[in-house]
């Protein structure tokens, strides 16, 4: 796993501050190909910010981001996405008046570079339609593929968040609390979908529900006040006293 | 009973609504005084609004008047672009077109069927420029005009007359047409320290604004002479300017206060019909336009053929409230007396008092390409 | 095409048979409708609000006018293309500014550019004729055969054909994957980069197309009236077209056409009845539409149809 | 030369202050309430006509007509707010644009009907007319008066909107009407008061503007553009922003015309575009 | 039940023509607490919205402190002492954190100091704009903001969403304290049924618009079968 060619995503000494507030401090993490890693930490620790930095919504003050060994720090978000670095949002960021099918197709045509073709009818992109539909079916959104997004149940919208990300054919997928607001029973299913993604996709997810984290993550990064406190296997995290003190609290016994 | 249909194309709405309003009141007054008849026939007015300076709209309206409403004569024309827009239609439809306000010289060249009863800007200002040197007692001037066609025309004509008479123009500025604040321009004038200032601006809110700006800087007669075309001292402007207007000298073809029986009667009747509002150049342009139509129709015996009517109008001469006027048979352009007026206090109120006159003035630039 | 659409376009032919004296009005409506469609492309589909689109309309109008008045080239169809290309080129340059701002700033930048163009045209009186307008425009007969007649048969046929073409092109655009991308931008710009979209480029593209189309509309006006006045560039024209578009309903192309028809017809009729106060009725119409048909007239109609159908 | 510059700056500032009083109300309704009230100019016009009418009809002194112009515009706006505008708060900006433009049309027709198309001159009291000489320079008295009024308004507004809880309540109510209500804020009353404040300021501005720019039925359209420019440049919802923006535009406009009259008419738009490209939220805008 | 602080009598309500709740009765005694459970979309949020007056009441009545508040505006109800914490993170984005807290504050035990010591994180971010907060911070702010109005009954709609486990721990402790020490009554809607039941005395389960089960929370917590039937939820290993 530690072979350099195997590292899909790597950050080196990422630093970021908002005024006097340090939100990232010398963050260096590695995400191997095919990984299912979790990113946890107290509220406001800088988890979402880290994802924003990695994907280019924010610019780091210091440090580099390597995707497949190549420096992408200077690239715009869209360019990173086209190289396979995609994220979802903690708070739904969808297209309320498009249908899931349209939204997914949009992502696909952007990926294929056909989104600028104003002379071709939408229906003529047959393979894109098919692919979009497949993605939605895979996420059990097949039934609602042609309803407008705003009428979908909250949980379905969370799934669509992931669907849009998948449509970009990511190599690295960063998920920001994908199950937030999804009832317990359904969040398990949602993570099963994530776990079942192809092996060549590397996943890093943020989640506050420890049952899920311990069930699905093979490795966990703990971020506290912008710094990596610890990175280890779930069993180590579970019993680490520092993690317990700043994050887990005492209710969560192994 | 036979009727004559007259189509009026004016900017009844928009920023020039007041102009159209006054023209209309002039037209209405003439009709009221003549039982609503021209050339012995009942008049039917068809009013069309251009909504502002809109050449394409004016063109369409003229066309509609001709093909849809079947008018005999088109008239009105608050603004130059509108008159220009409609000119072709007049030619194509063989209708006499009476321009009752728009004042750019070139208009009458656009169609042989156009006759004008208002003025041209060079007509007023070329003679005035000469007068300013010869009788106004100055030989340097700074000009400030509104930055649009009429303003440029005015500046050119005044400067031409002024320099021909031996004066020199020491500075010239153009202010944006919708300029709300003149302090910058007035300061420039002050810096140049001329003997006199010449101003041309459209009526409305600007005259008092510029008058006050001048007086705030101490640019007032007798220290510095202020010349302008008559819009500068319209009655509303005088009311608002108060004593700062004293001594301003303007050129105009109509002066409401001119003591003359015909004019006094006109003013009184106009005020009675319009809630006390006084007539102005626009009113008189409309009023005289109707007279012209009436006389021309009488001459043709009611024939409304455009070419015949225009032929009849050529050389026509009559007494208007503004004084004696006639139509130049060559250019179909109005020939009139240019009045030089000064703002003076009369019975505790400021008004324009005629101090000189230049009779029978033709448009000086006419025929020459602009 | 649906039945509705066929009926709609056929009804556009009615003036030829039933209202021949309204043909010039009809051609002004068609020209305005084309202009409104160009605005719908950016406002209704890509969410770019504008208060300065007359800039492109006017540029097209002046280019067509100058071709004839200064260069003596009065051939109408090539004139349309040249005017559209020029307006599109300026639109492309302007688009670099446009994509940098949103909301109020966007509104005001478009307004500012519009006014700048207007003032520029006024300042270049030697070229444009300034406030007096450009004189000497003379458009040749179409295909060297159809003269622009007093009644407006040629003008309306010509404008209607160009409108139909503009409409078809626009419809193709909005129903393409590009159109989908535009809707995506309108719905949620923030998400676009995250799905790999260079959305600014999309916006620049549609802005350029729209500018070109507005330029064609302006050129049509010049050619069918043989006049160009400064007013083609005015703020009023920019504002009016937006009003018509919202009135008809944004983001549906037909709304642009319907809005132009209704606005100009109501205006014509109201001004015919009372030239001084017609805008009172227009104002009332706008207020009532907002209160009772918040998605514009077409939006209201389509809701009605859906409810009954 | 230096004295000319001083006087140009003074005049520019005074003109800017006029723009400020005309526009600050819109900054309040647009910036704080997110309501695009293009009829702002119509409320200014209402204030103007109120002042003219009171002076003519009842011979009220000019100073007394100012607060009455404020009240008249505020009162009418409450009426509109309660019956019509409130239905538009959630209706989207395009609908607000359409509706308020419609209202300007109607207002212009109304003004034409009642007062005619002509200019409405007013005669100021003697003590506000003319100019005084200070340090060898002549300053227009009315312009000084405008500056003083504008400063007073700025102070008052800054205090009420940015320093008291009321300002925060307005923004909260706009951000999320339902939650604001759920926390016990009387959103309807807050909106009505804010709206009245914004329109009242417009009315006051209208009355103050007559002396400088005149008054006729097209006032509502005419000043809309200037007002929008000030608000956009200053930054939505910021009183300080409107103040600085207006001062900057006033001075820029006057100074530009003084030094480079050739581009005098372009200058204000060049400034507008340049400022917004660098600072899209305006000079003091937060959102 | 005369000493009920909040009482719903045969409440029927819904959106547009649809009915979501059809004859729900429930009451919360002074200083008492009630868990509202049910599957996704059964109308738990709707119940709270009806209490606040945001969703129109079609039939029945809502009493607060013995007074019929059915006809009152939401803001009047809030001022009477009903404190509502909305489900979505509806902070005011254009207000700073501190302004968010003070904008609707009313006098009482909960003031800035008190909420800051409950959520120290907020004190650190006090000058930030609301929308610059992290997801969890926003959730804290929503709760703190309502506390600042010093309500006598607190309606919490899934308040634990997105909070770190340790914060959840502190928050639940605080909620328990509030009920005990200050007599603030509590209505808690929560996906984490175990947590909700652990925090409350009574519970109702809503299904198809009516109360399908009613009982002591402690009993329900033990009754896995009922829970599974109504909520369809595999209790996580506790």
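Letters are used for the chains, namely A, B, C, D and E, taken in the order the chains are written, and counting of residues starts over at 1 for each.
One rule holds for everything that comes next: a residue touches a chain if its C-beta (ideal position, glycine included) is under 8 Å from a C-beta of that chain, and two chains touch if they have at least 3 such contacts.
For each chain, UniProt lists the protein as follows: A = Branched-chain amino acid ABC transporter ATP-binding protein; C, D = Branched-chain amino acid ABC transporter permease; E = ABC transporter ATP-binding protein.
The model shown is predicted, which means the values in this text are computed figures rather than measured ones.
Participant: Among all the other chains, which ones are in touch with both chain A and chain E?
Facilitator: Where chain A and chain E might share a partner, there is none at all.
Participant: Tell me which chains count as touching both chain A and chain C.
Facilitator: Of all the chains present, none is in contact with both chain A and chain C.
Participant: Looking only at C-beta pairs in contact, point me to the busier pair out of D-E and B-C.
Facilitator: Result of the comparison of D-E and B-C: B-C.
Participant: Quick one: point me to the chain whose Cα centre is farthest from that of chain A.
Facilitator: Farthest from chain A by mean C-alpha position: B.
Participant: Could you tell me which chain lies farthest from chain E when each chain's centre is the average position of its Cα atoms?
Facilitator: Comparing chain centres, B lies farthest from chain E.
Participant: Where the CA atoms of chain B average out and where those of chain D average out, how many Å apart are those spots?
Facilitator: 35
Participant: Taking the mean of the CA coordinates per chain, how far is chain A from chain B in Å?
Facilitator: Computed value for the inter-centroid distance: 74 Å.
Participant: Using mean CA coordinates as chain centres, what's the chain C-chain E distance in Å?
Facilitator: Measuring from centre to centre gives 53 Å for this pair.
Participant: I need the residues of chain E touching at least two other chains; which ones are they?
Facilitator: Within chain E, no residue contacts more than one other chain.
Participant: Specify, in ascending order, the residues of chain C that touch 2 or more different other chains.
Facilitator: 119, 122-123, 276-277, 279, in rising order.
Participant: Applying that definition of touch, give me each pair of chains that meets it.
Facilitator: Touching chain pairs, listed by label, come out as A-C, A-E, B-C, B-D, C-D, D-E.
Participant: Provide the residue numbers of chain B that touch chain C in the complex, in ascending order.
Facilitator: Residue positions touching the partner: 10, 12-13, 17, 21, 47-49, 51-57, 59-60, 63-64, 66-68, 80-81, 84-85, 88-89, 92-93, 104, 106, 110, 147-150, 152, 176-177.
Participant: Okay, in this complex, where on chain C does chain B touch?
Facilitator: Checking each residue of chain C against chain B gives 20-22, 24-25, 28, 119, 122-123, 125, 130-133, 135, 150-152, 221, 225-232, 236, 271-272, 275-279.
Participant: Give the list of chain E residues in touch with chain A in this complex.
Facilitator: 39-41, 89, 121, 124-125, 132-137, 139-140, 158, 161-170, 191-192, 232-234, 236-237
Participant: Which residues, counting only chain A, touch chain C once they are in their complex?
Facilitator: Listed in rising order, the residues are 55-57, 76-78, 81-82, 86-87, 89, 93-98, 102-103, 105-107, 109-111, 114-122, 125, 128, 164-165, 167-168.
Participant: Taking the complex as given, what residues does chain C use to touch chain A?
Facilitator: Residues 172-173, 175-181, 183-184, 187-188, 190-199, 201-202, 205, 209 of chain C touch chain A in their complex.
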